[in-house]
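Some structures to go through are shown next.
Next come two complexes built around chain A: one with chain B, the other with chain C.
Now for the complex of A and B:
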């Protein structure tokens, strides 16, 4: 029996290694010379460690500008989605109104809308607004997402009715109930949902591909794409240096909020 | 005045979301539906009405037929890689090991944090047929690595593995949570009765966990087909000769590379109809909660 249990751990650890080892090699190769990346491919520790890839990268592209674009976009999307999501979930939690179930199902339905069906009209609208090659233009379509509403709604349902009713009887204005009662209770899920929103938008690829054509307006994933070629001409140490830069922020956020993030994802699936 | 205020207030809270949904989702869906009956190129001042021609083309054009077949292959691969395997692993973590469950959750989730472009880069490196580590290992064993990007089916396989790398941990956690919400006394009772574990899983656990399993399965199809857009665009751009394209990617190609908005819109509408069928299944089996708001 004991032996059997160990075997399952062997399988699981192999899967974990399969998931994580490529990332370790990515970081390691980003500190190798191009030559070493071929000759000592399977060395996890570089023999001649160098930061030249990062310096070269910084010469070829505007690293700081690209990082700022990505950060700015992800921040706008995160704040926008948190605000709209909290307001909407609060309206659902505290009021009875006509068409509630229809609106709720509409939110569920948004998950099933493929981006292909909105991409031409949204491209035309963004272009009419003069927001092509603009971070705002690439943030706006990303705001249209109901997953935050669903997660907040689930958390708000755990707030006892008596608490909100008591506040209403005392004629405390809604604004105060929202900011002084609901928001503090929701703090953990706001943090975790915010972290998930930020990471997702930081990695967003589809809308930037459609909206950003001017290299100065690029986000990091678009810049990385230019360093990858299927024909084998890729300078991998350089591509891996850029990738390493891209993964640092999501990793830090995960290290700090890991427990909250995993809880939120668990909750999002509970029906 | 106060009463009126109370009636308007909830709609005021809903307003920002409503405007966003209207401008960036509902009106666009209707407009795409409208465009699907016209020939247009995104720029020309006039659109030519062509009736159902674009829809007929979706099913009769040989390239589109190839793409629809590819889409079915993608769905099959995605279900196996991103649903069946994570489900199997979540059952093992829940019922066959006692320690380190938390650690596996934390570790499996890590790739979900990263961009699919990073995933595409990593896999083109690992699987580079000339200079990648796998090719290197195969060479030392006297084998040669096939040039997978020249074969549609191999490219599809690699692309599905890239999304698997990203999605596995996420789906694993959802399914594990579902298993965790099954009452412990049911599992204990089976243990006392000496029912074998796999029998218990097959006859009791899987049916009880059906709701979340269907949710993840549908998510795997709906999101998976959209997730593969990124590695397709980064690695193969749909090639060789549409061999790794799917209905989502073909919709993009028609709109922004071939400038055929009519064909693109018809493909998008067909995709949406398929997704809506999946949505109804989801509501039927999973979204029991909607009743609370009736």
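Now for the complex of A and C:
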């Protein structure tokens, strides 16, 4: 029995190392000089620690601007996805209409359409709208996500009907039922789904590359590409420094979100 | 100023879900200020009836009238109807106080008025010290009181309650029942109360409507429901232990059970055919010695001592089982016992239609 547990521990430790080592590798190399990064790349502690990489990065590119672009895009996309998802789910939850199941299935089916298929039509539409090189052009086609609808609908179905009935008896308008009762109950899943939406959008690469050509409109992943591609990707510590900057915000969000979801499950108050 | 209470009328109301008829041509009228209990087994349509009165469920045909106006035309300003649900349906994200306040706030009741009303209700229901708690931090009985309170602050004309006591402890239930009764006495609202618990119904209702299979079987005062049930279903549904029902024949003024006359009345004028005879267990006159030659001779099969009374299961030679309730405990299992039946305390039902024939006299 004891042996079994130890084996599990070994496996878990290996998994944790597999996840943590690349991050430590990234952070440590971002503090190395160019020369050290070639000679002692695998050392976790830099021999000659330096913050020059970060300073140089700040000189070469507009770090604040890039971060803002990324943040702005991810925020719009997240808010859009949450709002459309919640509203659609509430409609599916509360109203009876013809063809409801078919419409819902069509929505869900879009989850299985690969991005590469809609990429070109989307690009054409965005370019006709004159939104190339614009963060809004990146965000617009992503304001709705069937995954969100599906998750929110499943959560909303757990809200007892009598709760909505009670509000109806009290003659509470639907809009208030939605904002004052349904949304607060759904807060835990809104926060967790929102965090995932945000991080996904923050890390997004392919679609923004198509839309954003002007360096001033770049998001962080696009800027990073410039440091690891053939165009100028020889300064390895510099790329690691940018990677580190890029990872900070999602990491913070993830930590907060993890704590939140643990608390929220036990405090949802429905049971 | 709002009127305190309103009448409710259901006119030939039917309700169908897909192809199932839940309510079939129901007529029901509730007087202003009346406490009406809808009683019936689960699935009998009592909750559906309540939800139709509340306007939560549309009718398939017929009309629901509140104060002689069609429910559909009624502009609900949130003051007409209040409802308490079986699972309380408290807003989980709001404190007790906020739960009571929410509807009033939405309907723009002035702040001072709002505070006064909530304060009064919290005091009446002994909830003042819980006012800042969330529903998840309350016990079942407290939640139930908050749910009632949420209905009370609205000062509605009609108060609908859907099995509000079925989720709380038995010990608390009696107290909650008394509270509801007091509230009704004070506020004089029209109350429609749904339950499957006959004790609750008997204790609370001015009138009880006994329902089965979407049809009101009988609507009357608790006494009449108990003493003069309209049919076999009502007789069986009300009263614990259940009423004894036996197959009897009638001939020349004699009610004959298994060939033995058990009740004789020369004034009786009935058709000579089979009947169902109903005798409530407490009306079985038990004795250790034979009192008359019409007494049934039975053997005690089982004795259950409830403390307050003793319940006997009795069998005769033909395997017929009857239940009797006695107050004094002087019987032993397998002993012989003699039971007399009286016409005045027995019920006679038509064998085919199950209707109470009131011994041939229409009441």
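To be clear about the criterion, the second predicted complex is superposed on the first by the 251 of 271 C-alpha atoms of A that agree within 3 Å, B and C clash if a C-alpha of one lies under 4 Å from a C-alpha of the other, contacts with A are read in each partner's own complex, and residues count from 1 in each chain.
Keep this in mind: a contact is a pair of C-beta atoms (placed from the backbone, for glycine too) under 8 Å apart; a residue touches a chain by one contact, two chains touch by 3 or more.
The structure presented is a predicted model; accordingly, all values stated were derived computationally and were not measured.
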Superposed model, chain A: greater residue contact from chain B or chain C: B
Given the touch rule stated above, what does A:166 touch, chain B (first), chain C (second), both, or neither? second
Once chain A of both complexes is superposed, is A:248 in touch with chain B (first), chain C (second), both, or neither? neither
In the overlay, answer first, second, both or neither for which of chain B and chain C A:44 touches. neither
Contacts for A:26 in the overlay, against chain B (first) and chain C (second): which applies, first, second, both or neither? first
Of the two partner chains, chain B (first) and chain C (second), which one does A:176 touch, if any: first, second, both, or neither? second
Taking the superposition on A as described, I'd like to know which of chain B and chain C A:95 touches: first, second, both or neither. first
Going by the contact rule set out at the top, does A:185 touch chain B (first), chain C (second), both, or neither? second
In the superposed arrangement, which partner chain does A:109 touch: chain B (first), chain C (second), both, or neither? first
On chain A, what residues does chain B touch that chain C touches as well? 267-271
Which residues of chain A touch chain C in their complex? 160, 162-163, 165-173, 176, 180-181, 184-185, 187, 267-271
For chain A, which residues count as touching chain B in their complex? 4-5, 8-9, 11-12, 15-16, 19-20, 22-23, 25-26, 29, 38, 41-42, 83-85, 87-88, 90-92, 94-95, 97, 100-101, 103-106, 108-125, 140-141, 143-144, 146, 149, 174, 199, 202-203, 205-206, 209-210, 220-221, 224-225, 227-228, 230, 232, 234, 236, 239-240, 243, 246-247, 250-251, 253-254, 258, 261-262, 265-271
Going by the contact rule at the top, pick out the chain B residues touching chain A in the complex. 6-7, 9-11, 13-14, 16-17, 20-21, 23-25, 27-29, 31-32, 35, 42, 89, 92-93, 96-98, 100, 104-111, 113-118, 120-122, 124-126, 128-131, 133, 136, 149, 165, 168-170, 173-178, 181, 211-212, 215-216, 219, 222, 225-226, 229-230, 233-236, 248, 251-252, 255-256, 261, 264-265, 267-269, 271-272, 275-276, 278-279, 282-283, 286-290, 293-294
Which of the residues in chain C come into contact with chain A in the complex? 51, 54-56, 76-78, 81-83, 85-87, 89-93, 102-103, 106-107, 134-136, 150, 154
